[in-house]
């Protein structure tokens, strides 16, 4: 569905230093630098996939997203979405996609969301019948109820986000770009949004591309991740494998029936956390079986789970390694 | 910093000169047909125009940008950052931004005065000049008060950019001697939105035609205006902070 | 962004535009009331004509002229420049570009949608106008009324196009607002807003009569106040639409170039 080959996007940025002298100088002469926001990226995405775009700030994720949406023209490289070039902005292309930005909103501010729905219906040419069905479905899935009839400015942030999602899906786009969709939402609302996106993808087969700094989003939604750092593709594959490769350890969480000393626990493996409530050990994935067997035999284990390390740690580790490589290279 | 943008800088100056010229076009246009309009000769009308230009410079150059930022603060909820600073909120808010090119307005105003007096064939007496200075202070005080009142409304009606536009549009009528207007409008523009106090009276002071009673009334009016507007501002601010912003 | 799709979306865009305008009615009222310049000019010029008329303008004629100016300005005024400038500077244009509707049409629709409300403001003034000086200062020729209607539509279109064209400057200049200020200066002086065109000194008038500014305001006002006969009015109506054609081409070109730049740098 999506095919990207050697995508490059460079920006010409003029440098502006501070101070009056510099300001006056800039009136007569400007210096430019070339910033390679995206520097040669290849990937393919099949229809119906859910993919997460990860990377540190300024890595080129949002730039790539915008190029895929046709908002930015690439400096060079091939970009095809369903065989069409996004930058030509053909009607068919525009009607098949949607971009949801967590920080900017598209709902009309002083009018109820239902009016934005109607506007989208007209703009995207959705038939009455399909429209009513879609609205019913979305209202159910997102539990919108009466919210759509209140003016947008009267809604809370969470309610607004739900309506934004609904408005974005009125025309049943086949490709959905989500840029930080859960930012600023409380925990329960984040869960609602995640569940909804997953269910929508399963029911309609829409392709989802997500960028987010909340690892919980990525864990829940993206079996596949593409990691971009400094404009280059660093990893493209399953999330599980990325974790295994970067932090090949598991977290084993114990709850003991009675107090266990720190020394005893340390003998099992590296202790991440130890208190009366629970004990967390970091164990290499190959050693998990051994640790579990020993613990069950020697200690009053009341409850136990084996988890992946927090994704935040995995990503930090990955980026730190990337930085180290980069710095070594530039020395 | 107003110097930062290259094209901005150049265009700014160009536009200021341009606006000055537009101010003169209607003046020339009407006076090409008559030598006196509503009892004012061309030279005398230049006095009013000069005061208008001067006040406009203060309005657009110092008062407007700073007070408009209050609206932004309220809208973005960052007014609290100003409120926690030790200085008086009204003062901080009034002086936060300046537009340097507007200094040209002062020069232009003086130019108008000079031109007018040359046409009249005389210079203002020391007394007249003194009276004019007093009226200048009065005019600035009244203008400022009106502005504070307008911006206090921002606490109640957050979308105020049009109110400032409305203010500027009405203020525009101050280019002309008040005697151009008749009836109800004239009363409104003398007592309610006292444009007359801001430009016509100072012009009369400069020309030596302002009587003591009017001047005293104007000074009194300015003091009342300042206290009323400050009271309204404090009231609005209190409402804002107690309501939790 | 096909024309077909845009046209099909028009009714909904207009209806919702109107709903939006109604939601903003307080603001619109303020904008409308801020059109004080014609009224100030009215006071000024009637003072000038206090003892004797100027040219063909006595006090009644000036009254008719400036009240008509107010009405025409209400009907044709456009703020598309401000919307566009803000959208481009904040990058919100991106959201508009994602839709299969040409943003230029969206701006036009929003503008059109607000006209019914502005008509409500203009109506009382129109009543005052007709009741007071309407009798002797307005034309009674139905053909001229027709030409007036067409010229108002033309004025609306021309003003919108100019707004959009200058709006495209926001793609290239950081201080596009200043450019708009310059344009407004020319508009105020040469459109007949401050001074009726026929009161300009002869040499200047010959040039000003043909400039596009006059066709944004002066022409409809002159026609309705009976300043011209049919032939003259028709000829100048044609000229108005020539200017519109030119503006159309210029706007399209500016938009295309601007969009290319926007897509290179992003929002």
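In this document, chain identifiers A, B and C correspond to the written order of the chains, with residue numbering beginning at 1 in each.
Heads up, the rule we're going with is that a contact is a pair of C-beta atoms (placed from the backbone, for glycine too) under 8 Å apart; a residue touches a chain by one contact, two chains touch by 3 or more.
From a predicted model like this one, the values you see are computed outputs, not experimental measurements.
Undergrad: Suppose chain centres are the mean of their C-alpha atoms. Which chain sits farthest from subunit C?
TA: Ranked by distance of C-alpha centres from subunit C, the top chain is A.
Undergrad: I'd like the most central chain, judged by C-alpha centroids against the all-protein C-alpha centroid.
TA: C
Undergrad: With centres defined as the mean C-alpha position, give me the subunit A-subunit C separation in Å.
TA: 46
Undergrad: Once you find the CA centre of subunit B and the CA centre of subunit C, what distance in Å lies between them?
TA: The answer is 28 Å.
Undergrad: Taking each chain's centre as its mean C-alpha position, how far apart are subunit A and subunit B in Å?
TA: Centre separation, subunit A to subunit B: 53 Å.
Undergrad: Using the touch rule from the top of the page, what residues of subunit B touch 2 or more other chains?
TA: none
Undergrad: Which parts of subunit C, given as residue numbers and ranges, touch two or more other chains?
TA: none
Undergrad: Provide the residue numbers of subunit A that touch subunit C in the complex, in ascending order.
TA: Listed in rising order, the residues of subunit A that touch subunit C are 11, 63, 66, 69-73, 87, 89, 91, 94-95, 97-99, 104, 106, 108, 110-111, 115, 118-119, 121-125, 151.
Undergrad: How about subunit B: which of its residues touch subunit C in the complex?
TA: Checking each residue of subunit B against subunit C gives 5, 7-8, 11-12, 14-15, 18-19, 21-22, 25-26, 29-30, 32-34, 37-38, 157, 159, 162-163, 165-166, 168-170, 172-173, 176, 179-182, 185.
Undergrad: Across the complex, what residues on subunit C touch subunit B?
TA: Residues 26-27, 30-31, 33-37, 40-41, 43-45, 47-48, 50, 54, 173-175, 178-179, 181-182, 185, 188-189, 194-195, 199-201 of subunit C touch subunit B in their complex.
Undergrad: Applying the document's contact rule, which stretches of subunit C touch subunit A when the two form their complex?
TA: The touching residues are 1-2, 5, 8-9, 11-13, 16, 19-20, 23-24, 92, 94-95, 97-101, 260, 263-267.
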